[in-house]
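Two complexes come next, and they have one chain in common, subunit A, joined by subunit B in the first and subunit C in the second.
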Partner chain A sequence: MTDTIDTGARRSIRRAIPRLGLRRGQGAGEGLLLALPMWLVFALFFLLPLAVTLVVSFWEFTQYSIEPAFILRNYADLFDGCIDGLPYLCTTLKTYLSTLKFCFLVWAVTLVIGFSVAYFLAFHVRSLPMQVTCFLICTIPFWTSIVIRMIAWIPLLGRNGLVNQALMGMGVTDQPLEWLLYSDFSVILALVHLYTLFMVVPIFNSMMRIDPALIEAARDSGASGRQTLTNVVIPLARPGILIGSIFVVTIVMGDFLTIGIMGGQQIASVGKTIQTEIQYLQFPLAAANAVLLLIAVMLAISALLRMVDIRKEL
Partner chain B sequence: MTTTRRTFLKGASALGASTLAAPYVHAQEAVTLRYLSTAVNQSPGIAKKASEDLGINIEYIAVTTDDVARRVITQPNSFDLVDTEYFALPNLVPSGNLKGMDATRIDRADQIASVIREGTVGGKAVGSDGTAPFEVLYLDAADGKAFSSEPTEFITLIPTTYNADTLGIRPDLIDGEVNSWAALLDPKFASKAAILNIPSIGIMDAAMAIEAMGEITYGDKGNMTREEIDFTIAKLIEAKRAGQFRAFWSNFNESVNLMASGEVVIQSMWSPAVTAVRTQGIACKYQPLKEGYRAWASGFGLPRTLDGRKEDAAYEFINWFLSGWAGAHLSKQGYYPAVLDTAKEYMEPYEWAYWYEGAAAEQDIMSPSGDLLEEAGATRDGGSYEDRMGAVACWNAVMDENQYMVRKWNEFIAA
Partner chain C sequence: MGDARSETAILRHPVSWAAGGRLFPRHPRRSVRWSGGNRELDRANRGIMAKENDVELVSVSKLYGTTRAVDSIDLRIRGGQYCCLLGPSGCGKSSTLRMIAGHEAVSDGDILIAHRRVNDDPPARRGTAMMFQSYALFPHLDTLDNVAFSLKMQGVPKAERRRRAMEMLDLVSMADYAARVPAQLSGGQQQRVALARALMTRPSVLLLDEPLSALDPFLRGRMRAELRRIQRELGIVFIHVTHSQEEAMALADLAVVMKDGRIVQAGPPREIFNRPATAFVAQFMGGHNVMTQGGRTVTLRSDAIRLSRGDADAHRRATVRDVEYQGPQVHVALATETGEDMAAILPERTYFADPFAPGDAVALHWAPEDLHHVAAEV
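The block that comes next holds the complex of A and B.
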């Protein structure tokens, strides 16, 4: 059905073009012109800073100055001990592995939770007003800042926090659990709490576009609930899952605030390393690190995009 | 009477002149100085009093310790007066963005505390490991980019505050005495210790602890060799893997929260943070240690581009700052001011006795804002000025091998 509308629309546009006196060549020129503001913004605020970062990453620096140059020392410093130090991992590798570990775990947990919430909203809540209400409720945590939502966990999870007091009060443990705070656990908990909505929204959006008739058809054809889920809902919700995954992966890769606060600053993250370098005016080193991070994120995103053609799906 | 066009215009111009005149005079009077420093150094009380006494407006720009230095180097026109630490000077002075201050325009230049001018307290030399202020106090010329070891007329920074830092402890949660920096890495406090995640200061605290354990004797804790850095970081990594640290902190509030919540019972700490924990009614002691203190000093510098009325106003403000009121205000928060004698004039005798002489408080000790700090009978942790500043072992520093050290510190965080 969508196809017929599509071709219909295209045909009417094709008919309109001669009427407006536009020839193909002119149309293309005008299209470029119309896209120009967007291009300018893009060039000024994205390409230019990126180019500067790349250039600076090859510069020389002292403790109080940076000098234009073309040296590879910043990159060499970054990978210092990465090869001759094997089998012990160098700082950079270790930091990236730790960041990737968080990326993967947070992605997996937010996916499960995000998918379940979206599924519930899309298929179990029947009326549209109710769906909208439930959806708005999901966004309530976003009314406060990220830092506040993070810090709110600290009195809960601390050594003398509510959770430990409750556990000891119930006699489950007699010693406070130390791993609740300033640990991998608390970092993952906070990241999941902060970013699950980024998973819910696109998946919910994809699910809302699934024609209910398809699910009925699956049931009529004798598919079990599980089969409907794996063969109908998940493939059709794939663009949403992918977009949500891209959000979560890119955010967690660059995060240093959450890992810093919830990890008691004992856990390294690429962002924190860059921040420390900037604080000590080691801009070229920070730039080299940023370029590496960018490459890592782009690799992750391109791997995700292999799985789905976003332009086609949207 | 007929209102002609002529009389109307006359009236209008008179009106215009009178309304224009006022802001013009006003603009002549009040100079605004943009005062760049960390938030801890920016007392609203001082800005208010300065504006009353001098008619100079102080506009605070609050950033973190490291950002003050970064701003001086990267945006030297964004402030008129900077309050920065002496240890940043080896980075700031070569940039040429600060000017040598004219000592003849500073009324009390020769009354500045001897610990800053000469590195002595009561005639006895204190430790000079690290960037001791007297080593970087003078420039060789007004626009010099090198320090002078002899006193000259060109001063880098006029001290605002300085102090001696040590470990903070929770005496209610600790059994037995703590009297050495070694306690920071003592397995007895495993998972209850914290260190600060500002590499240049954190590594000094670690060095104090490791040296106290008898593991190494540093040539200069504030200017380590690569081997010394390697050794220190290796020890820190070992302690971290053994679960010594509960967390690291990088700003004042984090250190207060760690201590107040009981997550940490021993950590490197700053004096006002100890006070902040105590005002919550929680026992916290700024424990004097036998190896001595790690000291720091902060002071006013002027950007090279400052001139004319703003420069005059800056000198006027600095002279006012040294004239006593501000010194007393800071003393009552636990800091030490540049000129002690003038501060004394603005303090009650019992306050002076408590803050400077190590005597028990005759009356309740109040903060400048009127909060109760200590009840009558209490004595200051560490005792008198001579006892505290006289026991300084090292000063905050930026090492020659700073780049290497920061890299190794990142390795420690990632370990």
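The block that comes next holds the complex of A and C.
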């Protein structure tokens, strides 16, 4: 089936080439030429900075200078005391662990909320205009800047904020809750608020491709609602879940702004460490940290891919 | 349900399902028979099935907002009958089928299967199974898991459900394709898998939503014969929605012609074709002329008309508009003096003994008893 489509497509492309004035034999060259703009953008804004970061991570630095060199001291500094100090965790490991914790919690919460919202939009909102309307409502948080969205939480969650006053007014607590703001809770809340849409969009997109007859076929075969969900909807929404997860994991792993503001600058994260190092002009150290973060993110994503793959095998 | 043996006996799969040279040819690996070869049991089951599985609709309506898609229809399909719901698009036939299937709520009235009211039952508890127009195979599952799906939902262990699904695939001679996913199958193969999946739940009523419309004409003809044979051999009720009168005439024990959410006529295809209740039925079934004679609407089968050149005692005089060669017969389009459009169908040999050309003046003759009075409603 795919073979025939492929050969068919190739044939039609071959037929189209003379029409475009391209001669046979030039095909490969022309193809590269057409891909060139994308390649330039990709090279200039992704490969080059990445290479520079990698190179700089091996440079030498003192308090007043940065020298090109090839030393491993930056990496050694990162892991200073990490092996000897066990079972006590060194700063780097602690920071990564804390970042991973946020990453996992935010991923789990955005997945549940994002999946539910996408499910509602795709299967319970029947008409297209209504779906578009609901979708636009979901994007409302993106109409303002990220900083304003975070700061807006403060009057709500602060010591004398709306939530605390309401709780005390109702007599639920007699003193304000401290953990509402500048805590793990507020960081996770803000991150979820900011990034759930990145989960909703791809999942909604894959759900819209599910033929409603499949849901009926499942029901016809005696599947309960839950069985339909686990046996039909989730497997078919898998690509969307995967893409959304990659978005959320990569964003949260590198986040320093949200964790900084909502954590009251008291909570460590890898992004924040790198930011601090850059502030002190310790570029090589920051670069080494960035490379490490890149590796960690890639590991997290590959772990995620494997996790979702295992589902398919069940 | 009981033990595996009596369960399989309910579906009672006969040997001829897999007869050679058919769409489902005999498969060398196939060794199972549904009743384990117990003909006594087969016959007993057939009797029970036929009596117990009547499908009855009692003034069933379906409203979408204020639109009446189905308008209080009454219908009784006896156990073991092949029923075709027939009509133009938007006549309510699909809504009716979906209400019987349980995929659409009944707005008013009752649906009874085997004398039990099933209005509020989910599809699986009605004993119905549906074959969808698009086949609705699960794209992420291979053929075997598609067929085994209902067993998985029942919690049948993996080895057991795979074995039983394999038997079913064997019966539709799709066992060689067990590991393929639907995207790798042709339309006809997908349909066989969809049929196997629907039969896996051992339904007493199989609902088919335009099952042949996606196939090419050649495959459609073969599949039609196959469906009819399977139905006869399983002895269960098939309810088949179609817009093709040809399909309905070929398949149905009971053809139900619908229009605007109502049943216009229900009966054996031959009765409907020969004694259409209304002008609409006559026109929809085709092969009829609808005329007014003496202030009444009458129908006349096109093949009951005889053509001659300029006889005095003609019933009508007309000009030949067009001649279409159709193989065994020739279709002659006519324009009468009074401005009516009519058509005559002549056997090929009769026609070519004295052929006409467009523009020829002809006289139309028929036997008075061939005129059939219908209700005035169009």
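Note that the second predicted complex is superposed on the first by the 278 of 314 C-alpha atoms of A that agree within 3 Å, B and C clash if a C-alpha of one lies under 4 Å from a C-alpha of the other, contacts with A are read in each partner's own complex, and residues count from 1 in each chain.
The criterion applied here is as follows: a residue touches a chain if its C-beta (ideal position, glycine included) is under 8 Å from a C-beta of that chain, and two chains touch if they have at least 3 such contacts.
What you see is a predicted model; the values in this text were computed from it and never measured.
With subunit A as the common reference for superposition, the partners subunit B and subunit C occupy compatible, non-clashing space. Contacts of A:Tyr64 after superposition: subunit B is touched, whereas subunit C is not reached.
Once the two complexes are laid over each other on the shared chain, residue contacts for A:Glu216 go to subunit C alone; subunit B is not touched. Legend: residue contacts after superposition of the two complexes on their common chain; A:Ser302 is shown touching neither subunit B nor subunit C. When both complexes are overlaid on chain A, the residue A:Gln175 reaches neither subunit B nor subunit C. Applying the stated contact rule after C-alpha superposition, one finds that A:Ser145 touches neither subunit B nor subunit C. For subunit A, the partner that touches more of its residues is B, with subunit B and subunit C as the two candidates.
Look at A:Ser127: by the touch rule set out above, it reaches neither subunit B nor subunit C. Taking every C-alpha atom of subunit B against every C-alpha atom of subunit C, the smallest gap after superposition is 45 Å. No residue of subunit A is contacted both by subunit B in one complex and by subunit C in the other.
Note for the complex: subunit B touches subunit A at residues 64, 66-67, 69-70, 73-74, 90-92, 94-95, 191, 197, 199, 240, 245-250, 257, 261-263, 398, 402-403, 406-407, 409-411, 413-415. Note for the complex: subunit A touches subunit B at residues 63-65, 77, 80, 91, 94-95, 98, 154-155, 158-160, 178, 181-182, 264-268, 272-273, 276-282. If you check the complex, the residues on subunit C that touch subunit A are 101-103, 122-124, 128-130, 132-134, 136-140, 149-150, 152-154, 183-184, 197-198, 200-201. The touching residues of subunit A, counted against subunit C in their complex, run 1-2, 211, 213-214, 216-224, 227, 231-232, 235-236, 238, 312.
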